Each structure stands twice: as structure tokens, then as C-alpha cells.
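The following pair of complexes shares a single chain, chain A, combined with chain B in the former and chain C in the latter.
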Partner chain A sequence: MFFHIILERNMQLHPRYFGRNLRENLAAKLMKDVEGTCSGRHGFVVAITGIENIGKGLIRDGTGFVTFPVKYQCVVFRPFKGEILEAVVTMVNKMGFFAEAGPVQIFVSNHLIPDDMEFQSGDMPNYTTSDGSVKIQKDCEVRLKIIGTRVDATEIFCIGTIKDDFLGVINDPATV
Partner chain B sequence: MSGEEEENAAELKIGDEFLKAKCLMNCEVALILEHKYEQLQQMSDDPMNQVSQVFEKSLQYVKRFSRYKNPDAVRQVREILSRYQLAEFELCVLGNLCPETVEEAIAMVPSIKSKGRAYDDEAIEKMLNDLSLIKKFE
Partner chain C sequence: MSLQADSPVHSSSSDDFAAYLDAELDSKSSESSPKSREEEVDEEEEEEEEEEEEKVAQVELCDLESKRIKRFKAEISENLEDPEGSTSHRALELNLEASSSKEACTHPGSFGDMCIVCGQRLNEESGVTFGYIHKGLRLGNDEIVRLRNTDMKNLLRHRKLYLVLDLDHTLLNSTLLIHITSEEEYLKSQTDSFEDVSKGSLFMLDSMPMMTKLRPFVRTFLKEASKMFEMYIYTMGDRPYALEMAKLLDPKKEYFSAKVISRDDGTQRHQKGLDVVLGQESAVLILDDTENAWTKHKDNLILMERYHFFGSSCRQFGFNCKSLSELKSDESDSDGALASVLKVLTRIHHMFFDELTTNLEARDVRQVLKTVRKDVLKGCKIVFSRVFPTQFQADNHYLWRMAENLGAICSKELDSSVTHVVSTDAGTEKSRWALKNEKFLVHPQWIEAANFLWEKQPEHKFSVNQTKKE
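On to the complex of A and B.
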């Protein structure tokens, strides 16, 4: 899910940026530093939408750098366990398939794909029901439920399932 | 770390910080990101170079999965759903997935049927009807 939240960060600024454009420089540096990063707690920072407030700077001993506490509003994407969302299938193999929902990767293992769907190899590997009516392949849109998340320093990785009511393929690029 | 362990969106356990935060539906994110992208476009010739991969992927994703395209419809969806005393998170899941039946809505947002919430099937049905009307008239 996407959220609009307020975060805070201590920004260090080199003295050469002090002057009339100090605030602009801080904002530009903040965007460069923060946008696109990911933390386990807040998820992916997609875009900064505004600066809430810039606190008083503090000169750091010995360096001349000044630290400013900056509060900013941003759009973040944070996946949650138990959340249901839509995603695009990016890769299918015999272990299961990978899907992408915005910046986050989700793996759905073949144990969490309905039992009546079988893996078919070939140049377009896919999972198909025995009657061929439903097919999961690359670029399909699926609705899935996140059942687990793994967080490391720079990425969040999710495990999903489509073995539940109202989950599975929403549309198949081949039939549209 | 124990707080992390108990997180479960189906029971609306998403941590205090996010429960109080403003949730955004995909269509709202699309409006925000497109606006920002246009601003960047005015400043430089090659905006795709300026933005992070996270931004690019998110923009593609929300464009693909926006149920409502026009800004007025987006505003109406939020207004209608907010009449039903839903949590922000529930509101956005409903707005994103647009369930068609009461059963589907409960499967998508199990917390609306949890203890202490006074939703009967009729109320949910009315809510879904209101939603599909916006879609129809968009």
C-alpha cells in the first residue's frame, strides 16, 4: 500500500552551499539522498512531496559541516503481511513465479498456486489449469495476498499466495 | 522486532505509525507522481534520467492499476468511502481492488467483519454499489 507520511532526517550540508539558496540546496540534496531508498520500517520512498520544516542547524565539531533536522512529506510504498494487492507477473519457472507490485518483488511458490494449475515449460513458461481456461505467464496481472516479508538493508522482498478465494489472474495479455 | 512479527493487514495490525498515516489509493498516487514527473520534465529534457528506479516502477504500476483516471472521480471515491467509518487502510484496499460482491469485499478486507464493527452485508452492498456507480459515470 502507498502512504503519505512525514519523515525526519538529519542532513549534513557542506559550508559552500550556505547562502541565499540554502533551503533549495537542502531540498535538492534531500531528494537525491532519500528518493528511491528503502528501509524496513517505512518501506520504499517513492517521491518527496514537500518540506514540512527545517530546524536549526548545528555546526559539527572539527569539520564545518552543519547538520539540519529536516521534516519532509513523502509517498512511500510499504507492503504488509496479509495485504491483498495486484501485481504484474515478471518471471515464471517450475519453482513458482515472480511478480512486481511497484518497487517490490513478490515470489509465489508453486505450493501456493492452486493445485489444479500445472507448470508448462517452453519459450513462454506458464501455469495452466487442466482445461486451459486460466493461464499465468509473463505480463499477466494477478491479484495476490502477501503472506511474508523479508527485509534487508536496501530491499523488501515478499512471499505471496494465490491459493485463496478471489485471488489469481485478473487479465491475461494474450486474450485482451 | 516483536512488533514486526505480529503485523497482519487482515486484522489491521499495520503499526501505529501507518494506521494514523494517510493511505493513498493507486489512482491518487498516479496523480501525485504524474504531477511530479511533469514538473521534472519542465526542468530537464530527459526526466527519466532524473528519477529513481523506485519512482519509475511505482509510476508504471499505479498507471496500470488505477481504477479511476479522472481526478474528480478519484476525489468522489474517497469522499464516498469515507462516509462509512472505514480505517484509511481499508478504504484504500477497497478503492484499489473494487470488489464486486459483498463476499469478495469481505475476503479482500477481512477486518470490516471483525468484532465490534457494525457492518452488515447490506451496508457493505450499498457501499459497493456507490463505488460502481462512480466507475460507470466516469
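On to the complex of A and C.
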């Protein structure tokens, strides 16, 4: 799920960045430091949308670095247990399949794939219903339910299931 | 100075720098500065979920194509508006948990330390890591057995078996650029382009300072073998190297996708094991030039003659002769090691599926391999002369065993039924007996060549020189 929230961070800046562009420099550094990172609480920081407030700087002894408390608005993405998510299948094998939703890595084990879908090996491994009408293979989009999440410093892992109503393939590029 | 030690990165809220300085200098007692966000963030996940709603007070739900998950969204946004939202959110979580764990889960495996079936966080690391398939994936032993069983049925239905392939000296030969000799310098101008990898055979890698030569016939080999086998790469090299080689051998990712095993994936140091291969041992064949890597799986192994293209490779194995590259030569394409082993694989595959009459699932490719091997020197009766050290127990010698595995009968006594005398010296008594009685007198390499090439070799190519008179 996406959230638009305000976060705070203490930014250390080298004195060479001081001057009339201080604000811009802070903002640029903030984007570089924060976008694309994960935290257990907020999930993945997708983009910074604005700077709310920059507090007064504190000079660090000896180095001349200054620390500014910066409040900023950003869009974060974080999956929750029970959430329904759409994801792109990245790999299919006999254990199940892996899918990605942005930075989130999801595994759907074959225990959690409907029993009427069977694994087919070959150059394009897939799970297919007995009548062949539904096929899960690399690059197709699936709708799945998250049953477990773990958010690391750089990655988000999820366990997903498609063994429920209205879950499964929503778009197969091979048939479009 | 306390100022430095207390690391003002965690800014205090005092806004005036002077005041801050004063305060710091006056009271050496370092007041605990407010905890930084960074620190809080790492705390337990369980707590986070409750607090989420307060933090995200002014949340907007961006971009959720709403219709599909209306109900869920409704519940969540309710939470978000509700200052005591945490409670109802909690309830929702609990419900989900309750519904998914009606029966006790055996936690058959994990992904990112969460059970692949119930999603529960698992603290204990158990089972085997399958990092070569996907980062963070582990499977318990029961699950591996289950997967092997279902996969086996699937595979047999497609008339396929498993084939595990070594890289170095089996499918290719690599050298570090710094080990390229002056006689090999010419190669640098002959490397193939990465534009169409599938047409090249000599590559200078850009990601690592290496040059790699693919073994002649390897592309045909892989293409043909893939029709009969599900193939894995298994190398003692590290993962980046293994993946780089897989790109050269399989640029279209037709054969080895998520089936490249490197030493980073093995469960034992300096050993290769079939425990990380998701195939039943009775259906696996292995091609490797290093027998010692497979101590537990010798019956699955087809030993390959080493492919030494580069000089550094020859010297690494103690050969002082010129390498193929230094001689500007190469192994035969149509008649080399890979071509002959492909014939063997085809034969084994045919026997397994078309000649055996037992129940398909009871068949064992290791038995078939043994049978095929026993045909190579069938009908030969061999006597060794001055091949083994005097005190050596002859039937323990590897050549003796090799000859027997190839179907020959080995004997210590000369009689008229003997067909071959194997010796390095034509002057021994037994050698002279062979010549006198019109038996074949061959060098021990005759046996080794037959072993590698899976065919009895013409004896005249392995004649023995008379070195000294006895």
C-alpha cells in the first residue's frame, strides 16, 4: 500500500555546500540518501515530494560539518499481511513462482497455488489449469494476497498466495 | 571534548547554536538526545504496525485501483481516520492470522525467513539453502523429497532425465589474462564479439579479467542433450563466474535458468553433492572431469577427459607440454570428448526409456550407466605387465578396476584366452609372450582412452615401445 507521509531525518552537510544553494543542496542530498531505501516501519521510500521544514543547523566540533533536521514529505510503499497486491511474475519453477511489485520480492509456493494448476517444465516453465485456460508464466501479471512480510534495510520479502477467490492471473502478455 | 563524543547528529531540539554550545560545555553530563528516527525504525515489527496509523496521520491513499479491493481498503482507511485505529487494525490482522492457521503448519520451507506456506516468521534456520534459485529461499528435507517425487513423474512423462554439468575442463577452459603466455598473445585479437554470443567460442570477459574458450561441439552438445535431460550447471567456481559462464553457454537462457549451482551453494566444502539438485538420484547423470568432487555420487558420474586449451591450465595440472592454444590447435569438433559423450548419453537415454521393461519409476539410470560401460571392453581379457608397483595389490589398482568396469576380464596369469597384455615396456616377459602369440600388446593409456571415449580404441594407436632389453 502507498502512503504519503512526513518523515524526519538529520542531514549532515559538508561546509562546501553552504551558501545560497544550501536548500537545494540539502534537498538533492536527501533524495540521494533516502529514495530507494527501506525501513522496517515505513517500507520503501518511492519518492520525496517536498520539504516541509529545515531546522537550524548544528556545527559538529572539529569537522565543520553541520547537521540539519529535515522534515520532508514522501511517498512510501509497504505491503501488509492480508493486502491484495498485483505483481509481475519473474520466475516459475517446480517450487512455485516468484513475483515482483516494485521493490517487493514475493514468493508463492506451489502449496498456495490452486490444486487444479499443474507445473509444466520446459523453456517456458508454467503452472496451467487442466483445461489450459489459465497459465502462469514469466512476465504475466498476477493478483495475490500477502500472508507474510519482512522489510529489510534494502529489500522487502513477502509470502503470497493465489489460493483464494479472485486471485491469480490478471494479464498474460503472451496472449495479448 | 564531550561535544564531539556525544555526536550531535542526533540533534537536540535546542534551537540556538550558542545556547547549545553553552549547555554542552557547562553540563558534561550528556543529556540523552532524542532518539533518532533511524534507531526507532529498526525496532520490532510487531510494534510498528500499531504505531503506523498515528505516524501516518495525514495519509492519503495514492493510486489504489480501488474497486478490486474495496473492502480491504475501506477497512484500512477507516483505521487511518480513526485515532484509535490501531485497535481495529489489530483485529483485522488477528482475523487473517486465525483464518490461515487452522491446522498446524509444518513450515516446509522459508523465503526471507518466513514460512512459505503460512507466512509466519521463522527464527530457526533449517533445511538446505537454494540461493541459486532465488535469494532467501530454503527448503526442509521433507519438502525436498516431496518436490523430487512430483518432479520425477513430470520429467519421466516428458521422457527426460537430469544431467549435471561441470564447467571448467568439461564444457570450457578459462584463464586469467595475466596467465596468458607470449605464445597465446595472438588470441587477444581473435576473441569473439558479445553481439551474438551463440556464434562465438573464445571470449574476453569484461566483468572479470579472464579469457574463456568453449570446448568444441559444446553448442550442439547442449542443444541435443537438452532434448533428453533437464540440465544443471554445477561448478566449484564462485557464483559470479558461474553466471558469467552460463551466459556464454546459454545466451538465450533456454537451458540453465535458475539451475546454475556454484560453490557458494554447496553444503560441503570442496565437495559437490546432489542434495542441492532437485532431482532424484536414480535419474541423475553427472559430467565432470574431477572424480574426487563427487565422492558420494560416483555411480552417477561420467568422467570427462580434461579440456586444456590454455597453457596455464596445462601447467596447473603439471603438464609441461604445449597447450592447444600454443599449438594453435584445438580438440576435434565432430570427434572430440563432447561428441563421444553425447553418443553415450543418447544410448543411456534410449536404454532407460525404450529397452528396460521394469516399471518406469523403478528404473535407475545408475544401473543403465553401468551396463553401457560394461559393453566397452566386453570380450577382452587383460593381463598387466609391470604396470603396478611390485608390492601393490593388483586388483586394487585403478586401471584394473577401470578395465573391469569397462567389461574386461582382468587376470594375473597368461593363457590362451588372454586377448591383451597391457604394459609400458615391450621387453618384459609377458610383453614378449604377447608378441610371440599374436596377442595385442598395448599401453595403459589404451584403457584410459576407452574409458573417456566409451569405445574400444584401435590397438595400433597404443603400441608399446621397446625401451630396454631384459
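Everything below uses one rule, namely that the second predicted complex is superposed on the first by the 176 of 176 C-alpha atoms of A that agree within 3 Å, B and C clash if a C-alpha of one lies under 4 Å from a C-alpha of the other, contacts with A are read in each partner's own complex, and residues count from 1 in each chain.
Rule of thumb we're sticking to: a residue touches a chain if its C-beta (ideal position, glycine included) is under 8 Å from a C-beta of that chain, and two chains touch if they have at least 3 such contacts.
None of these values were measured; they are calculated from a predicted model.
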Contacts of A:17 with chain B and chain C, given as first, second, both or neither: neither
Touched partner set for A:49, first chain B, second chain C, both or neither: first
Which superposed partner A:75 touches (first chain B, second chain C, both, neither): both
More chain A residues in contact - chain B or chain C: C
Which superposed partner A:102 touches (first chain B, second chain C, both, neither): first
Which of chain B and chain C A:3 touches, first, second, both or neither: both
Which superposed partner A:94 touches (first chain B, second chain C, both, neither): second
Where chain A meets both chain C and chain B, residue numbers: 1-5, 40, 75, 80-84, 143, 146, 166
Of chain B, residues touching chain A in the complex: 4, 7-11, 13-14, 17-18, 21-26, 28-29, 32-33, 36, 51-55, 57-58, 61-62, 64-65, 89, 92-93, 96-97, 99, 103-104, 107-108
Footprint of chain A on chain C - complex, ascending: 1, 3-4, 8-12, 15-17, 20, 36-38, 40-43, 45, 48-49, 51-52, 55-56, 58-64, 68-69, 72, 76, 92-93, 96-97, 100, 108-109, 111-121, 130, 133-137, 139, 147, 150-151, 154-155, 158, 160, 230, 254, 257-258, 278
Chain B contact footprint on chain A (complex, rising order): 1-5, 35-38, 40, 44-47, 49, 75, 77-78, 80-86, 88, 100-103, 141, 143, 146, 164-166
Chain A residues touching chain C - in the complex, by the definition given at the top: 1-10, 12, 39-42, 55-62, 67, 69, 75, 80-84, 91, 93-96, 98, 105, 107, 109, 111-112, 119-123, 143, 146-152, 155, 157-159, 166
